[in-house]
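What follows are several structures.
Across the two complexes that follow, subunit A remains constant while its partner is subunit B and subsequently subunit C.
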Partner chain A sequence: MNPTLLEEVPPPRRTPVRGVRETLQRRGARPSGRTYALLRWAGATLFASVVLALVVSLLVSSSQAFGHSGLSFFWSGTYNASKSIYPTGIFIIGTLITTTVAIVLAVPVGVGTAALLSEFAPKWLAGPLSIMIDLIAAVPSIVVGLWGLLVLTPVFAHHVEPFLKKVPVVEWFFHGAALGPSMLLAGTVLAVMILPTIVALSRTALASVAVEDREAARALGATRWQVVRTAVVPGARTGIEAAATLAVGRALGETIAVAMVIGNTYVLPHSLLAPGATLGSAIINNFAEASPGLDRSSVIGLVVVLLVMTALVNIGGQLLLRSRLRVKAA
Partner chain B sequence: MTEPVVPPAAEVSGSRGRLARTSTPILLVVVATLVLGACGSSSPSATRKKAKPATTTTAAANPTPTTNPATPGGPSTPAAQSAAHTATTKPSSSGGGCSATGGSLSSACDTQSPALQVTGAGANSIQPFFGRAFYFYAQANHGVAVNYSPAGSSVGVTDIQQNTVNFGDSEIPIKAPASGTGGTILQIPVDLGGVALSYNLPGVGSGLKLDGPTLAGIFLGTITKWNDPAIASLNPGLNLPSTTIVPVRRADSSGPGYDLDQYLISTGGSAWTSAAGAAPSTKWPISSVGVGQQLNTGVASFIQQTQGAIGYVEYAYALQASFTNVAVKNQAGSFVAPSQASIGAAGAQAGNLSAANFNIINGPGSGTYPLANFSWTLLYQKQTNADLGIVLGKLFDWVTTTGQQQAAALGYSPLPANVVALAHSTLLQLQNGAGQALFS
Partner chain C sequence: MSIAVLPGDPGELTDPIGTRRELVRNSARRSLARRRLLGRIAIGLCVAATAVSLTPLVALAAYTTGRGLHALSWGFLTHIPTPPGIPGGGISNAIVGSVVIVGLASAMAIPVGIMAALFLIERRGRTANGLRFAADVLTGVPSIAIGIFAYAVFVEPLGHFSGLAGSFALAVLMSPIVIRASEAAMQSVPRDLWEAGLALGIRRSRVVRSVVLRGALPGLVTGNLLAVARAVGETAPLLFTVLGSQLFETNPLQPMAAMPLAIYSDSTAAFPAAQQIAWGAAFVLLVLVLVLSVVARLVSSRLNRQAH
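Right, the complex of A and B next:
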């Protein structure tokens, strides 16, 4: 083996064992263990009951709307005193489109940034850079929304959207008037908001790829870039997928920032430049004014639909992760 | 538990062994469901958490957060702070016969009251006027600081009905009988404002004329170009470009939306009523056309940024942004642009104004602007905290009299004399907890 490679292997980390023997030998160790077990179960029960209570109360509050419209609630929509319906189906499609745009924009950038931070960048750059990316996560939604409304909207209306309309092939997605508020802008704002999640989790995943894998690639003569591309990123695939799943969850549920930049128009979008609406933006725009009864029940019905969507994404992500781990173990 | 919570390794493996031994397939299924449920909903619960600031975002866009009225001493307004600064230099004027604990309700005594912090919430459209009026009131009466959260008329109504603020404000009064958890609600007209239809059309500076049917066509999406024959025939002198019209509306519920809906219902013809319904709604009825933005500021910033845009905002916001506004056809058939005079002319038509008879949309008179309305402050008649009742009574008596001087500079019109009298007589109905009148 090449001795220079050996030098790079970090010394194996040992878990501190000091105090374990003393704890074991002390009298009353077993009762304390029992208390701990009890606490664990109490905590688990509490958490599960909070989740159940939340779901049950939402279902009860929205039962009137589902009773009124039945399964058609999921497509043709909810009750509105002045205009008879809101189209739930359009909100669902809008939510899916903005989330897709956000993921398509944020995953390559996020994973690339994570690779830069963990593999390429020198320490003096990686530290401050990752702090700045983490800071994005600390910016409140309303601030991101205002930034989107006041800064990004004119930039998109006058530069980005007219440009995209001129690019061949791509233009198919971008026809219609370039107004600013659009599916594209909402997706872009969401991409900014989910970027820190993707970067932080992908970075951890990349860093935990085994040294042996990197060494093997290098032994085959791979350059630094090839090592990352062929060994590190594929090795961290599970972690990157987990990061994307979490990011999807956040993008689906974001409300106020989206409501400020999406244009809040209730029609099936024919282009990414068209204004639209998502479940979250529809909930926030309609809940305050919804009169008690069928009207409010319908808006809470939208909340249930959103809850189901986010739950499905999370469960799907979990199943995907588990199947990957099983394949790996086999 | 003073012992470290590190479980002994033997204990951990032991309990695991027990669990494995006793676990039946059913138990496994239950645990799996719980885990899945917990994983699946970790993100929705985050969504719910986020939804909470989101509902206050409308309020977050405002400088003054709503505080719990039960705890005076919350964040003080800039007005209050500046009042504190000038407290030593400007002693409050002492009027003869005025009492800080009730007495007569007259403009001479309005600035003498107990020192209290007052919170309110409601219409977004009145915010420029309230912000300025409350500042000057605090200058004149150092003890009183007002926090107003302009989250929207509907929030103002809900908050006062649930008694979480000291006063509410709504562009549309509550339907009789107005009441909430604190009893009967008094409704006081406090300002006279208008709704401007502002547009951004380079080359067409001002003087664009529109009537009900063309406005209905624009907001229904049937008139899509600025040089549409329907618009051109109303504006023979203007050289209209072929720019696409981008109608912008409020995405949230709004007073201006209600006013325009009311105007279009009475003038826009069957095309509007068949699509939007015959009853005016604070929620804009046609959400499938154009772009929806939040609050007056969102609509205003969109108009500013977008060529070809037309939208409705409170006149004060249009004036502030120096927008060009449509001259709207009124009942007498003349085209009138919003101005302090034309909105004032609309207010002068309100001979027998009351909370039940509040509509001054499309009023008579050739100089009348058709999209004008009064804003209504909502107070509980019975004030269990008598000091607070006195402060509220004097504050709003001041707002409807002396305070009206602040309205003109912002694009609101001063209240007509009969409306001031209505406000005064309504405020005289304020009672303390025992049901006795607070003012003589």
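Right, the complex of A and C next:
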């Protein structure tokens, strides 16, 4: 063997292990293995019991209302002491409408933005814009709600809603007076709220598609757009769907901002311009005044309905994600 | 743009082959032109989408900043609210309330969350998967449900609203974020380092403290700061627990003021002076949340630079 070759072998890298050993020897190890195991178990048990307690406590608190009305609670709610009604069905419909409006507005726009930022825009533009959108994702929903209430409401009442009533075909959805607070406004505020999340998550999903996939498409003669359509978007589909699912969950569960702009009337909405109520806004507006007993129990019943809806969306999204991953792995 | 040249000596070309070559070339050219046009339209749509999504986001931030700066003054930050109709007044009680409530929530959620994350790291299998599932489910639970839960376990038995009940609600809200972020951070510590520590005959708890927690520190800081930033801005969990207050209250056993609650009650008040206060509080809250997120980002980008 050539001795010069041996000499050229670099000395073994200083591994962090040495630093580790020094740290550990400097201060003696105390016999605390059992304490550590105990702490670990305590943390896990505490967390699990809180989650369990949350579900059980809400179910117990609402059992009176469900016991009183049975399955009809899911449509007509419960009569309370002052003879006002909590029409669960109307709240569910309101929740579904506002969420649908938000998703229809935010998903195409958000995915388009993500595609531009991750695929087409030059780096000097995409970098700062992405950071900006990531930061805006942290804006608290109360601030979005405040802006919706004080700024968007007059704009919608005087400009957007009268305009939509004039557009042919589209106006079919926009009957009734343009008041400002409406299903449309609530959906728009929700869309603004979920948009940064959709952009940030879809951008990550698009950017994580392998370079080889893009190069293969490029080598077959695809234009830049065709690369995105045929290679990048299919590869990122799972991630984009996960982003949309998360956005749906957030839109369903948002309460405060919606309560500020939806108008809070408890009648079946006949158009997107009609004011209405969602499960979340109804809970916010009624819980404080509800008297203990059946009244409060009915409001907590609304919380349970909302919980079930968001849980279904989230679990559905997780299952979707897992099944896709399994197909990919196979 | 060059089209692939067909093989063959140009001198041998007869007329029909030349025509065919011309046909192929033309159709390729037409196809490329069509595909490029389509691409340009698609990219144009993406640009339009970006403009549409940036407009409300920028307008929201700019409007809050503009109106907020208008309301901001030294007195605004150091005084408590005045009764309706009397000018002046500030949000010092709300700022202090938010800090106390979120501080207590962090003191509850972060140790428990890190311990639970260690449990996930050390123990694989069904129990860990169940816990992970519980964390995922809790992440999706609407914050109002957490608020009502805190009302049921804290406010109803004690008979009065308190800052502590709000802290508990925020801690429940933060814990799944803390758990998943801490787990990810600790998973990034190489397995070799664990094993090296253990091979030296050192107790597990010591290895975790000196190797794992220290190695994962930047990730832990980032994840927990993001959880805190999320908790500061939450309104729904505080509405039926903390209640809100016009007084300067630092005792967490009493109803307290908090910034999101101040914004909510002032924004729905009809007179402009209250709306002014709402904008000021919204701006302060926005700055606080953005500072927390930026610091979290800086810590994680420093971590990435060190790793490379």
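In this text, the second predicted complex is superposed on the first by the 279 of 330 C-alpha atoms of A that agree within 3 Å, B and C clash if a C-alpha of one lies under 4 Å from a C-alpha of the other, contacts with A are read in each partner's own complex, and residues count from 1 in each chain.
What we mean here is this: a contact is a pair of C-beta atoms (placed from the backbone, for glycine too) under 8 Å apart; a residue touches a chain by one contact, two chains touch by 3 or more.
The structure displayed is predicted, hence computed values, not measured ones.
In the superposition on chain A, A:Gln226 makes contact with subunit C only, not with subunit B. Once the two complexes are overlaid on the shared chain, A:Pro275 sits against subunit B while remaining clear of subunit C.
When the two structures are aligned on the shared chain, A:Leu71 is found in touch with neither subunit B nor subunit C. Look at A:Thr265: by the touch rule set out above, it reaches subunit B but stays clear of subunit C.
In the superposition on chain A, contact is made by A:Ile284 with both subunit B and subunit C.
When the two structures are aligned on the shared chain, A:Ala44 is found in touch with subunit B and with subunit C.
Set side by side, subunit B and subunit C differ in how many residues of subunit A they touch, and the one touching more is C. Contacts of A:Val169 after superposition on the shared chain: neither subunit B nor subunit C is touched. Residue contacts after overlaying the shared chain place A:Pro196 against subunit C, while subunit B stays out of touching range. In the superposition on chain A, A:Gln318 contacts both subunit B and subunit C.
Subunit A uses residues 20, 23-24, 29-30, 32-33, 35-37, 44, 47-48, 51, 54, 140-142, 145-146, 149-150, 249, 252-256, 260, 280, 283-284, 287-288, 306-307, 310-311, 313-315, 318 to touch subunit B in one structure and subunit C in the other.
Those residues of subunit A whose C-beta lies close enough to touch subunit B in the complex are 19-20, 23-24, 26, 28-30, 32-33, 35-37, 44, 47-48, 51-52, 54-55, 80-83, 86, 140-142, 145-146, 149-150, 153-154, 157, 177, 179-181, 246, 249-250, 252-256, 259-260, 263-267, 275, 277, 280-281, 283-289, 306-307, 310-315, 318.
Residues 15-17, 20-21, 23-24, 29-33, 35-37, 39-44, 46-48, 50-51, 53-54, 57-58, 61, 108-113, 115-117, 120-121, 129, 131-136, 138-147, 149-151, 192, 195-196, 199, 222-226, 228-229, 249, 252-256, 260, 280, 283-284, 287-288, 300, 303, 306-307, 310-311, 313-315, 318 of subunit A are the ones that touch subunit C when the two sit in their complex.
Here subunit B touches subunit A in the complex through residues 1, 3-12, 15, 34, 36-48, 50-51, 53-55, 57-58, 60-61, 151-152, 154-155, 158, 244, 246, 251-253, 276-277, 279, 281-283, 285-294, 298, 301-302, 305-306, going by the rule given at the top. For subunit C in complex with subunit A, the residues that touch the partner chain are 32, 35-36, 38-40, 42-43, 45-50, 52-54, 56-57, 59-61, 63-64, 111-120, 122, 127, 130-131, 134-146, 148-149, 151-153, 172, 175, 179, 192-193, 196-197, 200, 202-208, 210-211, 226, 229-230, 232-236, 239-240, 260, 263-264, 267-268, 275, 278-279, 282, 285-286, 289-290, 292-294, 297.
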